[in-house]
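Sharing a structure with you now.
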Amino acid sequence: MLINVAETVVADALRGMAAAHPALSVDVENRVVVRRDAPVAGKVALVSGGGSGHEPLHGGFVGPGMLSAACPGEVFTSPVPDQMVRAAAAVDSGSGVLFIVKNYTGDVLNFDMAAELAEDEGIQVAKVLVNDDVAVTDSLFTAGRRGTGATLFVEKLAGAAADAGMPLERVESIGRQVNAASRSFGVALTAVSTPAKGSPTFDLPEGELELGIGIHGEPGRERRAMMTSREIADFAVGAVLDDLKPRGPVIALVNGMGGTPLLELYGFNAEVQRVLEERGVSVARTLVGNYVTSLDMAGCSVTLCEVDEDLLALWDAPVATPALRWGR
Amino acid sequence: MAEQEPGTGLDAAFFTRWLTACAAAVEREAAHLTDLDAAIGDADHGSNLQRGFRAVADALGKDEPATPGAVLTLAGRQLISTVGGASGPLYGTLLRRTGKALGDAPAVGRAELAEALGQGVAAVAQLGGAKAGDKTMLDALEPAVTGLGQSYADAARAAADAAEATTPLQARKGRASYLGERSIGHQDPGATSAALLIGVLAETAEAGR
Amino acid sequence: MLINVAETVVADALRGMAAAHPALSVDVENRVVVRRDAPVAGKVALVSGGGSGHEPLHGGFVGPGMLSAACPGEVFTSPVPDQMVRAAAAVDSGSGVLFIVKNYTGDVLNFDMAAELAEDEGIQVAKVLVNDDVAVTDSLFTAGRRGTGATLFVEKLAGAAADAGMPLERVESIGRQVNAASRSFGVALTAVSTPAKGSPTFDLPEGELELGIGIHGEPGRERRAMMTSREIADFAVGAVLDDLKPRGPVIALVNGMGGTPLLELYGFNAEVQRVLEERGVSVARTLVGNYVTSLDMAGCSVTLCEVDEDLLALWDAPVATPALRWGR
Amino acid sequence: MAEQEPGTGLDAAFFTRWLTACAAAVEREAAHLTDLDAAIGDADHGSNLQRGFRAVADALGKDEPATPGAVLTLAGRQLISTVGGASGPLYGTLLRRTGKALGDAPAVGRAELAEALGQGVAAVAQLGGAKAGDKTMLDALEPAVTGLGQSYADAARAAADAAEATTPLQARKGRASYLGERSIGHQDPGATSAALLIGVLAETAEAGR
């Protein structure tokens, strides 16, 4: 691993991020990444965060048109409430703060505590929970669906809504709408190695893959003999569509888990598009790349977000962050 | 059977010794806890608690809170502010609520501690929405409270047995629940660390006699 | 690997690229990626290309402000002259075409043949050779320094010059100037697996690394026991500075080889910046990410380009490609 | 010693048989050539030649060029248009220049072929700037030309020996030169493929008697 010691990985990365992105203000000690021009008067602020190791999520999505601030936790570990409260205080213009929370026990508990504390400080807080991963059965017998790729859609579309001057409850309801319209499914071709553990978190032999993985190096729902890109697309897109049952067009995120070359990811996208065409789903926009990652894990995930014209306009609205950037 | 022990013998220094010994035990067991978490979670439980209990030991080395309640609430706050993940708020809440329940008594007895810990454990159940049998830290904490009504040793034994008994269970809370049936056959890391902390409690009490 | 079969990897990727980037026109059969609005009247066109497996290089750099067209070869194999001639014909507005060629025997020979053929067709062609890798001794006893990270700088800055309406010889001389002002050094933490071979191209045990690697999975100049991020930065930046000896400010590219998580790369950037500061080098801009990659190889490279105000203005000029995008 | 053979016995059909047999030999040896290239290059020499010679065999299956020269120039053009890398232009130039040197003779003898191949090899040397001893395909091609002056078998033997003799050399051209001294101890993939093609030439001549 390209690190000094496991203990300083997050702090080192934040120092490097600060040096690379002058438009961000990075508080390395307190682990808060804030857009330098925050608070923006009259604008609802968006704060997200989660364990590190998913870069560019979330810090790479801080900037005009998307997040106001991000709180990186330790690798694969939810940040602590102190970070979120500090971030909320730094970005609140008085128009309120939306917490975007991926559905993991740790993230939910810590953001809940932070919301209470921030409200004690007079900050108006709303929350959107992201839970898009169809590999997890959403039942009383699980912690509920994980938040994965849809986080990017919620952050982008709610961010555009905030940029358009919409009030907190409207931004919140758009966030919820986007989450409700999104589903994901992920596949791992290798296990992940965390700095703390130093070796793969589980044993995945060459020639096998895990179906239905999350973004924390946990094993998936099922192990199988290696499948082709075509077969994986059939399986993953099929799982997403069977659950989402979209009637309108979708935005597709064909996401790399970190260790899969872009060359392969583009090839996989060709198969994803094929399945969508076969299933009669029209694709309004496609994003291919490593956006919601799991350190060095090889693999990919597919997220589809069903959109109407309003959501599509929010997607096309300008964004200027380290990792997502378009429009003027 | 309850052992012989000083009625209200547990003062602030005792709780500081316990939590400092917990920090040492967590250092020792961190890799094991992380390995358990790698199997059915995300391979960070050991380093999470390591970070948290280092902060606890640090804080208790600087401040010297005057009462058991103050020691526990300070420690709980440290865990919440430094651990993150699921275990940070849960263990943090456990210690804070237990501390709160002890009020500002300068020293407490085993029975009072058992009662207070019961309230802490109830708060954990409420916060995380888990119940015994869901393959979480609660599986070890609830029997620990009952055991503590008898003796420290009973508490330690009950927690250790309960932690082991999580192995055949299918997880219904936390990350391990994502695995469905594949979570069966692995001991829960949080139940294991809970048993560790309770075991250290018994050792601290034993050493203090 | 996330592929169907090795034989179709490049074609599959091109289909996926076409689906993801409507601003590009992708000729999958003939393997040419062209910006859709080409030829742009009165503008010098830039064509580059090389083996696939280095994505986003080169196809991801096609668009306003950068390349007019890219020619992807097979994985790690120079494209053939037919592709380059076809690309040149598609983008030439009559103002001439600049070929940007990384210094590898294959690339040089194929682009040379293409230049001859294109000139036979009446297209004015100039060439810039990129050879920035200080790990290779530039002597009669080697094929000369390899072209690696500086390719991004040459493509961006010459692209901005062409966008500014400069004539072919000026764009060419800026390209040469940028190459002359740039040096790179790369490190591998794992070997690379090509689709054709299916397994790592060389054996690199855990706990060792290769210093002075290129981007084609070849072993480096030297193998050592694993070094920390700090030590690697000392070594790599040191090697670059000892050769470049910059007196002015630099643009720094802290580049991932593909398999190294962005989290680690940002941490490495912190160390790179530290060395530069210690050595008294002022850093005008920093780019961190996976830009000139080697499939799934873990590792990184550092490229420094010494800039004056004119070059810096060309760097800051707008660019709108899949992988590099800023300005309006 | 020169063997007995028909003076001008090599017609277009012979060259088509040779190159088609080369395509089969490359299929057989592709993995080996790629492995050699993995050690000191970029692990593609086998698949490069595979792609190229498949195109050659295809083209010769469709067109039936009337003369040896036309067969060779067609094949050379196919290699240039399909292989890429260093070996594409080099082998492509080898065949095209050899073909050009044969002019439009309907059939040629071994001596004429040796003479023409010499011109092809010289063109490769000029294009790539390498000379014998640089650990490239030239190391096998130059002795092959000399050997062909004697016999097909001599050519094949000389090329094979020369390919093996690249092992102890340090590369001075192509990717292997990046490795400096680490290129020593590995047989050059291009020299190996050159010996393969010359070996197949001898077999084709042998079979045609």
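Order of writing sets the labels: A, B, C and D. Residues in every chain begin at 1.
Here is the rule we go by: a residue touches a chain if its C-beta (ideal position, glycine included) is under 8 Å from a C-beta of that chain, and two chains touch if they have at least 3 such contacts.
All of these numbers come straight from a predicted model, not from anything done at the bench.
Peer 1: If you walk touching chains, what's the least steps from chain B to chain D?
Peer 2: Minimum step count, chain B to chain D: 3.
Peer 1: Moving step by step between touching chains, how few steps can get you from chain A to chain D?
Peer 2: 2
Peer 1: Centre-to-centre on C-alpha atoms, which chain is most distant from chain A?
Peer 2: D
Peer 1: Determine the centre-to-centre distance between chain B and chain C, using the mean Cα coordinates as centres, and give it in whole Å.
Peer 2: Taking the average C-alpha coordinate of chain B and of chain C, the gap between them is 54 Å.
Peer 1: Roughly how far is chain A from chain B, going centre to centre by Cα mean, in whole Å?
Peer 2: 32
Peer 1: Using CA atom averages as chain centres, what separation in Å is found between chain A and chain C?
Peer 2: Each chain reduced to its C-alpha mean, chain A and chain C end up 29 Å apart.
Peer 1: Among the residues of chain B, pick out those that touch two or more other chains and give their numbers.
Peer 2: none
Peer 1: Show the residues in chain A shared as contacts by 2 or more other chains, in ascending order.
Peer 2: Residue numbers touching two or more other chains: 75.
Peer 1: Drawing the touching chains as a network, do you get a line, a ring, a star, a complete graph or other?
Peer 2: Chain contacts: open path, no cycle.
Peer 1: How do the chains pair up in terms of touching? List each pair.
Peer 2: Pairs flagged as touching, ordered by label: A-B, A-C, C-D.
Peer 1: Note which residues of chain D are touching chain C in the complex, please.
Peer 2: 34-35, 38-44, 46-48, 51, 80-90, 127-128, 170, 172-175, 177-180, 182
Peer 1: Give every residue of chain A touching chain B within the complex, in rising order.
Peer 2: 6, 51, 73-82, 104-106, 109-110, 113, 135-137, 140-143, 146, 194, 196-197, 201-202, 214, 216-219, 221
Peer 1: Over in the complex, which chain A residues touch chain C? Could you list them?
Peer 2: Those in contact with chain C are residues 1-5, 8-10, 12-17, 19-20, 52-53, 55-56, 60, 75, 189, 228-230, 232, 254, 258-273, 283, 286-288, 290, 293, 295-296, 298-300, 325-326, 328.
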